[in-house]
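Notes follow the structure.
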């Protein structure tokens, strides 16, 4: 069977690609489009390292087929900063040392941004439950929660 | 390993001489020394430093070669 | 090199919280990790793994796979070399099984093909004829004389005759008269403990891209804790020369000890050599859990005697650690660490390393120590409970301190245990009220810390900035710490320094990033390299000024005249000296090569409150506080991060993480769904208290901090849960079914 | 190609193996037709959170994947006869955002919202969860106690089937070849009625239920229970409705004796297995505990005061 043409929008850019029917969106992003910011930690939706948004909703790109994003809008970590200006979450993650090895960081940033769009003033517990699908093995999550809250406060004040 | 002794005395002025002496006088220790040992000199651990100087007043402890995570 | 004897050194950069140099790359998705590396014409490798726990390989037929569309190479162990050294032979046989498969998931063969799908399809065409053998996965079962033998003839000379061949080595530590000690005790408790194997759980699966020509010249890009280790392993397993193999470490997505060996790199090289093309292999999570190194599982007996006042009179431990299908060397660390926190007159620890049909154990953060200290600290806590004593007071009464003959031999110098215990006692957490079904637990933790082989090259650029080249992959922010120490020593701002990680050809040999050694040893070498550069700069300035070298002093980034005969010269900045380096003798650099010693042991104390649901056996962590001696915290954020991350790994070990094997010897939970590492909502904030008792072995007093934090959580939580549940727990993890059963008994 | 794509990555050669076919039929009828015509393994794609995991793990390798989430009504929640009809492709997150459903059937919503992570909830659907037919499916017990009705489309048109009758064993449903579920219907509720769902997992999130319980109650003006439904998950080959457990609550205000009767009936209805997630004893004990706790929550939500 021939590859399937897909037309989509990624980080605001109209994008076309060909993929096989059983290829995940994560594989398409990483292997076909060179967008390697989304990481594969498990391939089964259990770690969140491949988080992207699909039509504004936070998803694991390993649990979406590439062919499913035809006509959709996808946002990845590569689209989070505005040119050289980092998103407040990105900047504050560096300031607050909310990453160690950094492999989970793109997924966590995408997930945290999605949370703050829905709930600009979350409690710590709400942040922790929202991010429960994003595994981090280095930090013990403490500095991540603090960084999200600091960014939320800054974004509310802006 | 050293014939059941916990403490042994040898003449040596550095770790290399010490290890050679030990291996000669206490053959039971030789295989472990060949596999690699760490040494503790007055509480400081040295992994492989042959020429570390030692004197009669020093306490030397033989330990398995150390690794970590 | 010893601690600088500058009383209360006034640090300018060290101790601040600067932004890490790789921060922007890592928050924007630009950072290249193992699986992100590609090459033109690259093939995709995939590995066929054993479905059996133990079987003889009668034959492997790869002919159909080799003919499959897109397949460019198929390899088996026959394509690997024959290293003389047993250590490398084991690595080879773990990369691709030779005569027998020794555990579920053991690699058997591999293919390289033009797509992932083609590779996946092709490995199904490989036909392996297995003769299934009896297997054993439990440590106590494996020690029985009639147990299935995993490998024959692997026992060291120190194993007594007549034991199972699965027992590969034996260790014994201690001092004093045990019988006399126990005779003095008012209360003796002896218990047996078991702990399950856990995995490091790094989020980035192993990944590599390798290219090897017929001339034996090649390159490997991979995520590893040590590029030089990868080079050595690959050179031996492939039978090529180290000089011809260049290994480049990518950014690394966690390791915790798990990436201190090789699994896929030699296989990718073999496939590349055979196909003539670059080959990429990326492990799946299932492969990571089935076939990379988890930690040991254990069975341990601990006996401790105590007086009514709380003085420990004697202590004995016997530890049995299974380390998978190859001889492992972990029990000796557990045995040495077990009683390290105590000043004991009589102590003995015995250790047995045992083989089973499980993946080969590899280091996991303070390897061997968390389990043995868990068992010891549990018995100490139970004695405190039985005798009605305060557990912190008892630990203070028995604490190892400067001058203590440690249980593993050496006499301690400056150590921070008493200070951490006193900090815990003074902390509001220790006396906070507890509610129903709640319990508080504490435990001491210990790790040796290492130095090791280290090279650093430090270049003074002509614009007055600094380049530092070091050889240890940055696993948790070490490039920032190294830049900070270079800046501190040279007297320049942090942002003038850039530290990079060398490939294996660009710098001399470095030991792997392990043993909490990097900030200590690479920092030490960086400071020495900076001092060499300073010496050269002072020499140049002395020539310019026409004075003696000794009359030039380096201070805050400037060369200054010093002493009666120096004359009056305006100070020269580093940038000014650098700008004219070409006129004064050429480029200026400093370098240092050392096998660093004097790492300085590390102690910590963890305090935890838990609540147990008496109807379901669920445990909730309510509050958690860590006290640890960091010597000198170079970058306090990342010291706290090490402490918090280690504690949470320990929480997972205590409560939910475990390797579960079925009757068939197959791993039942090879995924993050059922291998349950803690998620954000499981945890409270983890409070940290950093103490700074300078390590005399480092110029700034630095001690390694990375490993100690995983040691105390196991016992701290077990003690808290045991007190909350009213029943003494002796097995990890304390999963809800296990805890509910204990409470119902 | 994406304009900012990186310069060097490997060209893909075609997989030689016969690939899974992916189709997006234009109507319910077309979907049924393609399913009927398929000789090999066919799977429906709505949220994909189970089927893509099985694909990855090579547990199932479908020959045909039928994407139906674009079909009319699939993503809609509409009022119908005082209750709600929920399209088969409505995600758990979308359901949780619907104030009306949440007010009327809070237990159904909390079951759906417990499926996986935030990421998974944005994709997972109750119907997908139902058709996976796992005994531990989080959204199913509360659908069962709600007496929800699945609308099934097949070659012969539509038919309605009680949700409780859809799963018939682990991984097995009563759906016939060519059939698929297009919506579920949650019936109207009288005043003083509510439901609740609880599950036990070792962590706080991200796990499969070790045991679970849903309770739906209707009360009279005095607060006495007039109708009670109790369903248990992960303690039998399918989600199990336990009439005896409900009966123990009828006519009571959840006094100690009623709760004891509920727990005893719940435990008696359990026939679980011991596996990596839990033991027979543990599942049985916690199923009773969860039924008790869920009953109290449902009672309180329904306006009852104990």
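To keep things simple, chains are lettered A, B, C and D as they appear, and every chain counts its residues starting from 1.
Convention: a residue touches a chain if its C-beta (ideal position, glycine included) is under 8 Å from a C-beta of that chain, and two chains touch if they have at least 3 such contacts.
Being a predicted model, the structure only gives us computed values, none of them experimental.
Participant: Hey, which pair has more contacts between C-betas, A-C or A-D?
Facilitator: Greater number of contacting C-beta pairs: A-C.
Participant: If you average the CA atoms of chain A and of chain D, how far apart do the two points sit, in angstrom?
Facilitator: Chain centroid spacing, chain A to chain D, equals 27 Å.
Participant: List the centre-to-centre spacing of chain B and chain C in whole Å, with centres computed as mean CA coordinates.
Facilitator: Once rounded, the distance between the two centres reads 25 Å.
Participant: Centre to centre, by mean C-alpha position, how many angstrom separate chain A and chain B?
Facilitator: 54
Participant: What residues in chain D touch two or more of the other chains?
Facilitator: Expected reply: 9-10, 12, 14-15, 19, 57, 204-206.
Participant: Got the chain A residues that touch at least 2 other chains?
Facilitator: 20, 22, 31, 35-36, 43-44, 46, 78, 129, 131-134
Participant: For chain C, which residues are shared contacts with two or more other chains?
Facilitator: 117, 200, 256, 672-673, 678-679, 681 - these are the residues of chain C that touch more than one other chain.
Participant: Treating touching as the only link between chains, describe the layout with one word: line, ring, star, complete or other.
Facilitator: other
Participant: Using the touch rule from the top of the page, what pairs of chains touch, sorted by label?
Facilitator: A-C, A-D, B-C, C-D
Participant: Spell out the residues on chain A that touch chain C in their complex, using ranges where they run on.
Facilitator: 20, 22, 27, 30-31, 35-44, 46-47, 49, 76-78, 80-81, 86, 90-91, 93-97, 99-106, 109, 124-125, 127-129, 131-145
Participant: In the complex formed with chain A, which residues of chain D make contact?
Facilitator: For this pair, the touching residues of chain D are 1-7, 9-10, 12, 14-15, 18-22, 45, 48-49, 52-53, 55-57, 65, 67, 91, 93, 116-120, 122-123, 204-206.
Participant: Considering the complex alone, what residue numbers of chain D touch chain C?
Facilitator: Touching chain C from chain D are residues 8-10, 12-17, 19, 57, 200, 202-208, 210, 275-279, 281-282, 285-286, 289.
Participant: Touching chain C in the complex: which residues of chain B?
Facilitator: Result: residues 1, 6, 28, 31-32, 40, 42-49, 52, 59, 61-69 of chain B touch chain C.
Participant: Under the definition above, what is the set of chain C residues touching chain A in their complex?
Facilitator: Touch list, chain C to chain A: 17, 19-20, 22-24, 26-33, 35-36, 116-117, 200-205, 251-256, 282, 284-285, 475-477, 635, 637-638, 640-641, 644-649, 671-673, 677-681, 683, 685-686.
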